[in-house]
Structure formats: structure tokens, C-alpha cells
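In the two complexes that follow, chain A is the common piece, with chain B as its partner first and chain C second.
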Partner chain A sequence: MDKKIGVYICHCGGNISDYVDVEKVKQSVENDEGIFLVKTTMFACGDANQKEMVDDITKNGLNGVVVASCSPKLHLITFRAVTERANLNKYNYVHANIREQASWAHSDDKSGATETAIRLVKAAIAKVRLAQPLFPFVIKSKKAVAVIGGGVAGLRAAIELSDMGCPVTLIEREHFIGGRVSQWNLLFTTSETGKELVTKLYNEVIDRENITLHTGSEVISSTGNIGAFKLKIKKIPRYIKQECHKGKLQEAIDACPVTVDDSFNFNITGRKAIYHNFPSEYPQEPVIDIKNCTRCGECEKICPSVDFSQKEEIIEIEVGSVLMATGFDSYTPSDGEFGYDQFENVVTLPQFKRIIELNDKKLIFKGKEIKNIAYIYCVGSRQIEGENKYCSRYCCTSAIFAAIHTKNKFENINNYHFTRGIRTYGKQEVLYAESLKKGDIYLQSYEDDPPVVTTVNDKTLVSINDILTSKSKMSVEADLVVLVTGMVPRADNSVAALFKLPKGRDKFFNEIHMKLRPVETVIDGVTICGACQGPKNIMESVNSALSAAAKSFSYVSKGVLELEPIIAKIDKDDCTWCGQCAEACPFDAIKMVKDEKKDIAAINNSVCKGCGMCLPVCPTDAIDLIAYSNREIESMIDALAG
Partner chain B sequence: MKIKSARILVFSTEKISDPAIDMAGLLKLHYPPTVYTISIPCSSGVKSRWILHAFEKGFDGVFIAADGSDCPYGESCTEKTGKIIGRTHELMKAMNIEPARLRMAAICSVCSESFVKQMKSFNEYLLKNSNN
Partner chain C sequence: MAAINPEFGKELNRYGAFDFNACYNCGTCTAVCSLSTEEDSFPREMVRFSVLGMKDEIKSSLKPWLCYYCGECSTNCPQEANPGELMMSLRRWLTTEYDWTKLSGLLYRSLPLTIIGFIIIAIGVLIFSALENFNLQSIMHIGHFFEIIAIASVFGFILLPNIIRMWWLIIMKPRIKVPLMKYITGFGELIVHMFTQKRSLGCDNNQLRWFEHFILVIGYLGLLFTTVFLDWFSNDNLFVIVLGYIMSIIIFIVTIDFMSDRIKKQKEMSKFSQPSDWMFVVWLFLMGLTAFIVRLFIDTGLIEQNIWLYLFHLTILVQWALIIVPFGKWTHFLYRSFAMYFAKIKSQ
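Take a look at the complex of A and B:
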């Protein structure tokens, strides 16, 4: 059947038409073979244009459509839906990316950008001329989601999925849930503590029968794809029986002779090899840190709940989708950065928060009472040199909140803030105002002239050329220097490597589009949320967790998924069965079959993933990939060559 | 007439290198406007005949923006894409086409700067060695 093609060229406001002469693009293609109509449109994705496209297709009987606009990552699905609404098979639509790959990439060369756009649109037209109706494969999708990370985002996502009727496996690497939030005391804006928040979420989780919680557990392998991810989980035992006697356990903890740095308190205190982070922590059974345990047997003598016979377990599960909520690490300053690890009274913000919580009436650190506190902002964030060029978003608010809390909890505290400009956005501005009312002093410098920490006669001085007072040199004698450190990606991201999750420039996980597809990744079926995606406060993390839960549920809710019908296709006449295609296929989707007089290759349609690895190895060129056939690719090359 | 920039055909992959090339545009990292991209699912699915067809049609260079170790289809991608390059180089030699006109590099989903650098250096090479 002859093609009757409609072409829509988008201005994208001015994102495209500021650099690409869209009228020239229109004129260049309107007389091409098969073209029935060519239109330019201010916003191709806008409702009005979508309706117009549906009308054009139905009234004129178009059987091929090209939209030249932004990246197909954003709107391929949008325009496929438009063609479906017009009863045209969606594979008769081809997208040309003339924004990211023409107007923006060549914004320095308008005529070049226009010529690129013309070639890209002609290539799309060449492809659509050969397009055939295709029908998606329907595969089963296991109605279950694995949530990786038991911090506030993971817990909230698990609860949301559970409430939607979806079985959830919640996997937490640590032996206790709650992540970073359990390390925080009071939270803005509710004045709830981090522990209370985590307790509330934990109670919700254990109340739900369709959530299975694995603590001390890591995903060690992943096979399969969207709809059927097969995960292997390694579960490290607690070495404590569940039916434990609390009093005896505390005695056992007291008797343990091993003391190691307590990472829960950011190493400012120690803990035993048998431990819990705080008494009411969930799950409430303590854990034996087997790496540091000397197996002296002291705890076993006291407490019958200690059980060294417990073994590592490997648990295998199958889920339709994976939701990543693996959180963040706090930036650790390098040695000597603002006196860190050089002067003993220089700590990071997370350490300071633990110090506030661990002290009662007086603020004591290293045996000295603290009165003057200097906060140095943007340490490890907004770096001119170094990897962390981004703003960590939460740290200004967090530092100011900690400073106010310190003043409220202890007497005679003086707070001095050495900032690069305060970013307490939204309601958090209230905190900044309160801090000013309480008499906190704010000093500011530019990034190229940061504060300097020195010691003179056992006194720690923080000096700054304050731009708020015409670069006057100011010095504060500080009892404690708090480095307001930001969020960095997890140092151990091995779980993400299993899923091949791409990272962004900031090395956090990358969503497809921060506005249009904010929790999806390029790996089908894997969603991301919380601070593993980038710095976020609790509210922002929870919002993204709810969004990711909804998205993951959409992959599994129907029990079936439609997959692209892009698979390999064998030309029976040309195939002579050499077996090289079967060898090249990573999914074991090609088998030898008998066809009349000879052996030939056959594709298992439900197993083929459409990668095309079998194509180039075929000595008789008997394999094509649907929608990427020789004719389609070569006609595109012809169009691009001009 | 002096050619301003060489015509380069890029085989890019939908999930891995396409996002990097898109991000290069987003960041306005400029490269020659005569670089054209054809998206495919995986770099180890490029046929030699497509590459040779591009040369026959007048492209100065062909670049495979390979998935590398990020390939969602498996670890063997780099090796398989490398073999395609090797086989095609042999075919190019037989056709008196300079093998250096076909290049491959792993372009991850955030390797925008690397992609632009590759395009600029390939363009320079092709212009320098152009017979035109």
C-alpha cells in the first residue's frame, strides 16, 4: 500500500525554532515521496496539536506519521498514543529528534542546525515509508515488587505498594531499618524525631502481611527483565535467636570485650561487637557484628539467645519491578579540609547532630564544654574543583535547625554561620528568620575566598573576609567547628551495577527526565526514589517514593506487560544453519529447527530481547531485526547522506 | 571548495549512548553539524553492510557509539562490537577504504563530553586525511 505520510515539525516554543528554520525544514520535505501533509506547530505535544493530529490521520487516512521534536525519550510514547487514538498502528509513527540533536547541539550554527534537522526528518520519513503495523508481545508480569533500601523512602514506597495490593519484598543491607533518618533527632517541620518517624513506618510495615522484610540482606545477582526479575538475596544472620531475653542480652552486650568505632554515631563513639544502635531500634533484636567478633564466648555464657550456629542464607525471589531507594552517604572531608582530622574540635554536621543527641544538660565534646560554634557551609558541595559541583539542598536548613536546637537545648550557646549564601527554600525560610531572631551571626564569602581554620595557642580561629561588611576580616574563636557537609552518592553502589543503572553527572542515579519521567530509569522496570537519585530532604524523598511506587505498580498491576515487538526474524530461504547466531545470542533465544529439507534457525519470540547481536554474525545475512531491517537502515543512510 | 566538517554517521544505542548524545545537546556541547545519528538497540547489532553502505553513499566516517560494559543486553557487547569493527576493517581494506574511517568507542549514558570529544577529533582526522 502506498504511504500517505503526515509530518509535524515542532517549534518547541523557541527551543527548536530559535536555531532551526522550521519553515525551511517544512519546505525541504513537503515534496518528498509519500508526503501528504507537513505542518509546523508551536508545541507538538500540546493537547491542541495532538487533537489536530488525530483529526488529520482519521480524515485523510494517513498511514504514516513523523513528528520532529524533542528526544523520543520524552515523547515517543505520547505520539504513539496519538496514532493509536486515530486507529493507526503506533509502529507507523517515527520520531525525529531535532531538538537535542540539532537545535541545541548546533545552537552555535543556525544553518548547520537547520541542515541537520532536514536530514534527520528525511531519514525519519525514509523509515516510516517502510514501516509496517506491528503488535506488541504480551508477557506475564509477576505482581510483586522488590524495594531495595529500608530507609524512609524505601519504607514509605513499600507501604504504598502494599496498600495498592502488591506483594513487596523490602531488602535492607543493614540489620536495622530506618537508614539515615534514624540517626537524626528532631526534624523540621514537625518536631517529630527521626526515631519516631522510623518507628511509625516500621509498625506500618510489620502490620502488612504482603510485605516481607529482609534485614542484613543484599541483592547479589539479578537476571531477567521487566516483569520477571529473578533476584538472589544474601542474608547475613543476626546470630541472635528471635525469642531473646532482653535483660540477658543487655548483660551480654555489657560483657562483650570488643569495642569498635560506632558508624551509627559517625565514629565519635564506640560500640560493642554485639550491639544495637539505640535501645528501641527496629528490628529490636541486637546483632553480632561477626566481622569484629572474636568469638570469645563471653556473651554466650550469659545469654542463651546468642546463636553462632546461624548460617548465611541465599533467598531467591521473582518480582516484576525493582524500586531502588538506596539513599546517600554524607560527604567526608579530606584530611586537613577546614582542619578536619587535623584539629580535634572540627566535626561534620552529621557528627554534630549525634553530639547534640548524646549530650544532656551541657554540650560537651572531647571533655570540653562547647559555647562558641562555627558552622562552615557548603563543605563538599558547590565545589569549584572536585566532583561535587551540585548544591546538596538540605544542608543549609539542617545546619540552621541544628543550631537553633542547640540553643534551645543548652545554655550560653553562640552560633556563627560562615556561609556562601543561604538556601533555605520554601517554608524552611522560617527557620532562617528564627535563627536570626535568636541572635545567630551570619557571615558570607565567595567560593574563591573560603573561611580559614587555624589554631593559635590552643585556640581555634575561624576567619573570613565577610562580603556582607565590605570584605572586613572577621575571626571567631570557636570551641567547635561544624563542617556543613552535603550528600554524596553511596560509596558502595554494587547493587546498582547489577541492574546497570546509569548515573548522572553528579554520580547519583539518573532518571529519564527530571520533570516528565522523574522516577523511571532507562532500565525497563527499575524505578528510583529518594536520595539515591540526588540530594533530597525527607519530604522530597517521600514524594519521590510515592511516585516510584505508583510507577513500579503500573508495571505489575495487570499481571501482563506489553513488550515492543522488536525481535529478530530469520529469512528461511537464506538461512543455512551454521549456529553462529545461536552462539551470539545472550538469551538462548535461537534454536535449530527442521524446515522441509534443511536445518534452519528459529527465534523464540518470547525470549528474544531484540538486541540484534545475532545480525552481524550471520554469514548469509539471513537475519533482520524488525523495524531495523537492512532496507530501513539503508534507506535512512541514503536520506542522511543527501 | 573546502569542506567545513566531515560527514559522520553515528550508530548509537537507544538506552545507553542516545541519552549521552541527547545530553550533549542539552548542555549545548557543540560538535560538527554533519554528524548524524541512527539509533539501534545495541551496538553489537550493527551490520558491516550498513557501514559499507554509508561509505558508498558518501559518508566520510562511521562511528559506533558502543554500549561498552553498560550494555543492558549483556557483558559480551564490547567484545562483539569489537569483532564487528575487526571484520568491517578487513572488508574496508579489501575495498580500498581507509580502516581508520571507522571508529568505535564506548559512550555511556552520561558520556556527553566524551562523545563530543570523539566527534571533534574524528572530524579533525577525517578532514586532515580527506582526499577532497
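Take a look at the complex of A and C:
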């Protein structure tokens, strides 16, 4: 079909026309093949010009449109929308950037700028001559979401999805839900305990019939794509019958001869191989830690609820979207970092929070009563060397809150904070003021001169060159040193590898756009929220969880999805399946299939993003990118080189 | 390496300081202070020393005396940490540190002890009068004699040693080398500041207060001179009589204004009054007023019938001379002027 093309050349106020002779551009393309009209305009994006374009297209039956103006980042979508309003398929629109690429780049050379602009417009015209109408792919999307991680973010997201009418599979690796929040006692600014929050959320989860909760479960494989993710879940049993006898179970726990480090208390205490973390934990049945269980049978003799016949299960589900809420690990200091693992009275902030909860009346650690506590801030965060350059955001507030809480709960406590500047942002600032008024002492140093922990005659000294006191060397004899550790990504993030989730420089999962697309990932259909994305406090985690729930639901709510048609296409005849394209594909969109006679590559249309990485590696030139075919690109190059 | 001592903060609270722990070291106080300079920057540093309990640094510092409590720092403090009142409390604390008898510390910290001291002195005056058979002539004679003895011994045994202690802490202990000539050439500074409090004019909008304080000092020194050296109560010279009247009037008029400020609590410096502040201003007022009335009664011939009036005046006078002058707020008259003197001779 012969093209009837309209070209609009924008002055951009003077941004373009001050350097590019737009009339000359107009004259030089007016008589080109297929050109029906050429206009110059003061502002192509202005409402008046948009209306004029719609009129031009409809009245004259134009079937190709070029606007030569600013960057397509700014207005490609604007002008595609103009053609759609004029009932012309939007892929018949081509954008030429003569501002960033001509007038601004060559403001010192007006005739050169004009020449460049002419060639750019001619190239766009060459492309539009070959443009074809394209239509989005429509695929089915299963109305179900898998939420991975049963912490506060995952629980809240699951509840929200359920309320929108979406079936949810909630998958938690541990045998108990609540994640990190269940490990905290009092929480800052709300004066609730972590357990209370988790209890509220759990009760809401079990109330909802469309949420399926799997504890002790891990996703072990994922195939498929947005709209149809097929997940395999490995579920480890509790080895306890559901309706168990509580009293006997406690006896069974007491009888268990195995003791291992209790990770719930960050290894400051031990637990049995049959255990629950605290009495009212959810789900309420204890668990047998089968990895550490010696099968001695002591518990079985006492309690009839123990059931070693339970088997691991593999559960297969299909969901339209996956919501990741896998949380964080607390930074573990390396050996000797501020005396950690070197002096026995050096602990991390999470350990300290457990110590506060586990003590009543007097604060006792390793048999000694604690009076003077030194807090060293930014341990594992804001590091000059290494990966953790970021601020973990929650730790200042959390440490200060713990310090206040300690003073309230126990008598004669002195708190000394060794900081690098306090960041109790927002409403949390009141805690800083409160701790100051309570007599907590703050000292500060720069990152290149951190505090030093030493022992002298069995006494632990923390010293610092305090920049608030003209760098005077100040020291405190501390009974307990608390390293205020930040958040790091989960050590075992294998589940993310299943989805090929990209990570940022900080090794947390990466969103597409920090501000505008904060919970989407480049893997279509997979959303992220909570601290797996970066350090967040509970409030921020729940905010992002609700946001991710809404986004995940938008993928599955209609039952179908429309996908961008600009993707790669395989020429079956030319393809000889060498596999190089599949290796080059960053999205895992190319697989080998058997054609009638030979093996060939096949593109998964729902996964391909049209990035074009596969094109140059193909030795037989069997791959083309729709809308950016070799023919189109070559014709553009000819126009530019002409 | 200095050890942090949080107990010091609690000690300072007994001298009237409060909430200074709320300081988050923004330095607004130092920035707004019109007396703070690059070399002598305060009050933030003093707040910091107080929070950390760095007693030695405070003891060897003159900065608390360089502040004249305009209160701008307290008004502008975003944490309401009251740096102005902390500086005031540091002056009280330093007063007790300079005092070798340590009695001033006891009196600052304990109001009951102070009251007991006042009562003992009142009883002592009564017993002495009884021993003299309430003979006005001999009581007045011995009263005048007492004044001279008291001034000499309070100065000789308490104030002078305390000034030497101050000098030791500020100049000798930190091993600051001061040439002898400087002690002599800097002496003018001592005299000027002792009689004018010139530095306090550097505080914003402080002219009226400075003037009041200035004439109060003149009035006080004048009355001291008139009563002690010119024996006002027994002198018949008209000039001396009128001079005494003027001086005593100045004292009780100005102190009325100072007391009303402390009651109204509108100015930052008058908001927080410790017992020592009240005693100082009230006794000064009573001294001026009773001296005035005693002389008035002498001139009108009523004093013989109202011997109690002179006994009351004498009680006030003895309490002033034995408690407030050596151990109370009176000492700021000396320490402030010596602080300016030491600052001068310390400087390059």
C-alpha cells in the first residue's frame, strides 16, 4: 500500500528553530516519495496542533505520521495517542528527535544542525514508509497470586489481594509465620508488640477462605511467565498431628535431648529439636526440626501427637503473578569487628532486643548485670569499603527505642550512643528527643575514625574521638556493647534466582523505577515489596506491600493481558538452532523447539521484551525485530548516510 | 583519654541546671550569642562538657564567667535545653569549686542548711545584744567594729584564698605561661570590669539592665564605704548623712525592680530563680531599706525607743557578711572581674 505521509516539524518555542532552519527542513522533504503534507509548528505538543493533526489524518486519510521534535522519552506516547484518536494504528507513527540530537547538540553550527535535522527527518520518513499496523498480543492470565514470604509485608499483601477477590497462595519458608516482626517485642511509635501485629494479621489470614497458607515451604521451581507462572512448592511437614495435645507436647519438648542454637533468639540461647519459639506463636503446633532430630523417639513415647510418618510434599500451583516479600537478614559483623565474637559482651542490636525481652526486673547477660550500655551505630551500613554503602534507615530509631525501653524496664541504666549522626527521620524524631531528655549520651565520629572496642583487665572500653567535643578522646567502660547492625539481603536468596530477579548494586531486589514504578520488576508479573527490596521499617514495608498487592492484582484481575507487539521473530527456514540467541537473551524468552524436520529457536511472546540482544549474535540472520526489521533499519541508515 | 561521667549532670541539677541533656549539638546557642567569639566560643561547648561530665575542662574554663545571661541561647534553643540556665548553674558550681571551705557547696545544694545558718546568726545577734543588756550605744559601737573585722577576715581567710584557687585552676594547673608584666599591665582590666561590668553591654538590648546593675554596684560600694569608713550611723556631717541616704535608696529601689523581674519571669535571665538568687537580692534590699530607716530613726530621735530596728538591721548585716558574701552569690562580683582579668593576661 502506498503511504500517504504527514510530517510535522516543531520549533519547540525556539529550542529547535533558533539553531535549525525549520523552513529549510520542510522544503527539503516536501517532495520526497509518499509525502502528502509537511507543516511547521511552534509547539507540536500543544493542544491546538494535536487537534490539527487529528483533523489532517482523518480528512486526508494519512497512514504514516512523523513528528520531528524533542526526545521520544518526552512525547512518543503523546503523538502515538494522537494517531489513535484519528483511528490510525499507533505503530504508523515515527518520532524524529531534532532537539537533543540536532539543535541542542550543534548550537554552535546552525547549518550543520539543519543538515543533521534534515537527515534525521528523512530517516524517520524512511521508517514510516515501511511501518505496519501492529496489535498487542492477548494472553490469558490466571486470577491467582503467589505471595512468597509470610512476614508482615507478605501477610498484609495476601490479605489485601484476598479482599480484592483474588485467590492467594501464601508461601513461608519457616514453620511459623510473622518473619522478623514476631521476633521484636515493643515496636517504636505505636507501642504495640511485634507479636500483637503478627497475631492480628494471622487471624485475618486464616479467616479468609481464598488464602492458602503453606508453612515450612519453599518454591523449588518456576516455569511459565506472566499470566501463567507454574510453581513447584516443597513442603516439609511439622511431624506433629494437627489436633495435638498441648500439655503432653510441652513434656515432649522438655524430654528432647537435642539442643541447637536458637535462631529465633539470634543464637543467644538454645532450643530443642522439637520446639516452638514462644507459647502463642502461629501456627500454634510445635515443629520437629527434622534436620537436627536424632530420632531418639523420646518425644514419641510421651506425646501421641508426634507423627514421624508425615512426608515431604511437592505442591504444584499456577498463578498469574508472583509477589515477593522475602525480607532481610540482619547484618552479621565479621569476626573481631568492634570486638564481635572476640569479647563475649559484644552483641548485635537484634540480639540485644531479644536479651531485653528475655530478662525481667534485672538486665542480665552471661551472668553479669548490665548497667552501662554502649551502642555503636552504622555497623554494616554506610561503609566506605565493601558493599553496604547504603543507610539501613531503621537502625537509628530502633537502637534509640531499645535504649529508652531498657531505661524504662530496668533500673540504673546508662546509655552511650556512638553514632555517625542520628537519622531518626519523620515522626521518629520524638524518640531522639526523649532519649536525650532521659540523659542518654551521644558521641559522634566520622566514618574514617570509628569507635574502638578494647578490653583492659576484664573491662570493656569503648572509645571515640568525639567530633562534638573537638575530637577529644572519650571513653566508656561498658558492661554490654550493642552493635547497631543494619539490614542486608537474605543470605539464601535462591528463590529469586528461580525468577531471575535483578539485584541492585546493594544486592537487594531492584524495582524498575524508584519513584514511578516502585514495586514492579523487569520480570513481568513479578512484584517486590518489603525489606527484600531494600531496608525499610514496618510502616514502609506495609506501604510497599499494599502497593505490590494492587500491582499484582492488576496483572490478573481481567483474566487476560495485552502485551506489546514489538518483539523478536524467528525465520523458521533460516534458523539452524545454534543456541547463541538463547544465551544472549536476558529474559530467558528463547527456547529450542522441534519443527517438522529440524530443531529451531522459538520466542516466548509473553516474555520477550523486544530488546534486540538476540539479533546480532545470529549467524544466519534468522531473527528480526518487529517494527525494527533489518529492512527498516537499513532504509533509515541509507537516509541518514544519503 | 577522658572517661564520660553521667553523674556530673545529676550533680549540676542540684545547682539549678535542667534539661541540658536534651542538647543535640546544633550550635544555635553559640551562633546567636553576641559575646561568643571564635577563640572563646560558648555556650555549646560548656553544655557538651556538662553532658559528658568533663569536670576538669569546666574547672579550668573561664567561659561560664564570660556569659552575662541575656538568655538569647535559651530562647532560640530548638531542644529547649536551656543553655543560659546551664551557664548560670555552672557559675554556681564553679563558685563552690573555688571555695576551699566547701561551705558554699553545702549552702547551694541545701536550702534547709542555709536557713539553719541564717537562724543561728539571728540567735547569735540576739544573745550578743542580751549580753550587752540591749544597750543601743554599745551594740552600735560593736556592730560597726564587727563590720570592719568581718570584711577583713572574710576577705583574708576566704575570698583571697578562693581567688588564688581560681588562679591556680585557670592559669597554673594548665601550665599557661604568663609573664609578670602582664599581671601588672592587665590590672586595669580587673578594675574596669569590677566597677563597670562593661562586657555585659555586649549582650543585645542590655543597656537598661547594665545601667541598673551599674548603679546598684555603685550604691552598694558607696553604702559600704559610708557605713564602714565614714561610720554613717554615728557621723554628724551633713554630706555623709545625705550620701548614706542616697546610697541606701539606690539599693532598695533597684533591688525592688530586680525582685519584680524574678516574680514576673518575663526575661529569660529572671525565669529560673534558685534560693541563692532570691537571698542575694532580698538581703541586699533589706540591707538598703533597714540602713535607710535606721538612719531616719536616728535623725528623728526615734531609735532609742525602737532598738529592735537596729537589731534587725544588724542581723541582716551579719547574715550578709558571714553567709552571702563569702559563700553565696556575692562572690560573682569578684569572680566575674577576675575572670576578665585572667582572660586578659592569658591572651596572647
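One rule holds in what follows: the second predicted complex is superposed on the first by the 443 of 642 C-alpha atoms of A that agree within 3 Å, B and C clash if a C-alpha of one lies under 4 Å from a C-alpha of the other, contacts with A are read in each partner's own complex, and residues count from 1 in each chain.
In the analysis below, a contact is a pair of C-beta atoms (placed from the backbone, for glycine too) under 8 Å apart; a residue touches a chain by one contact, two chains touch by 3 or more.
The structure presented is a predicted model; accordingly, all values stated were derived computationally and were not measured.
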Greater residue coverage of chain A in the superposed arrangement, chain B or chain C: B
Touched partner set for A:His106, first chain B, second chain C, both or neither: first
First (chain B), second (chain C), both or neither touched by A:Leu468: second
First, second, both or neither for A:Glu477, with chain B first and chain C second: second
Partner chain in contact with A:Tyr416 - chain B first, chain C second, else both or neither: second
Partner chain(s) touched by A:Gln383 [first = chain B, second = chain C, both, neither]: neither
Which superposed partner A:Tyr442 touches (first chain B, second chain C, both, neither): second
Chain A residues contacted in one complex by chain B, in the other by chain C: none
Touching residues (chain side chain C, partner chain A) in the complex: 1-4, 6, 9, 19, 21-25, 45, 48-49, 51-52, 54, 79
Residues of chain A touching chain C in the complex: 414, 416, 422, 432-433, 436-444, 463, 466, 468-470, 472-477
Chain B contact footprint on chain A (complex, rising order): 71-73, 97, 99-109, 112-113, 115-116, 119-120, 123, 500, 502-505, 510, 512, 522-523, 566, 584, 586-587, 609-616, 621, 625, 628, 630, 633-634, 636-638, 640-642
Touch list for chain B against partner chain A, complex: 5, 7, 9, 15-16, 18-19, 21-26, 28-42, 44-50, 53-54, 57-59, 70-74, 76-77, 80, 84, 87, 108-110
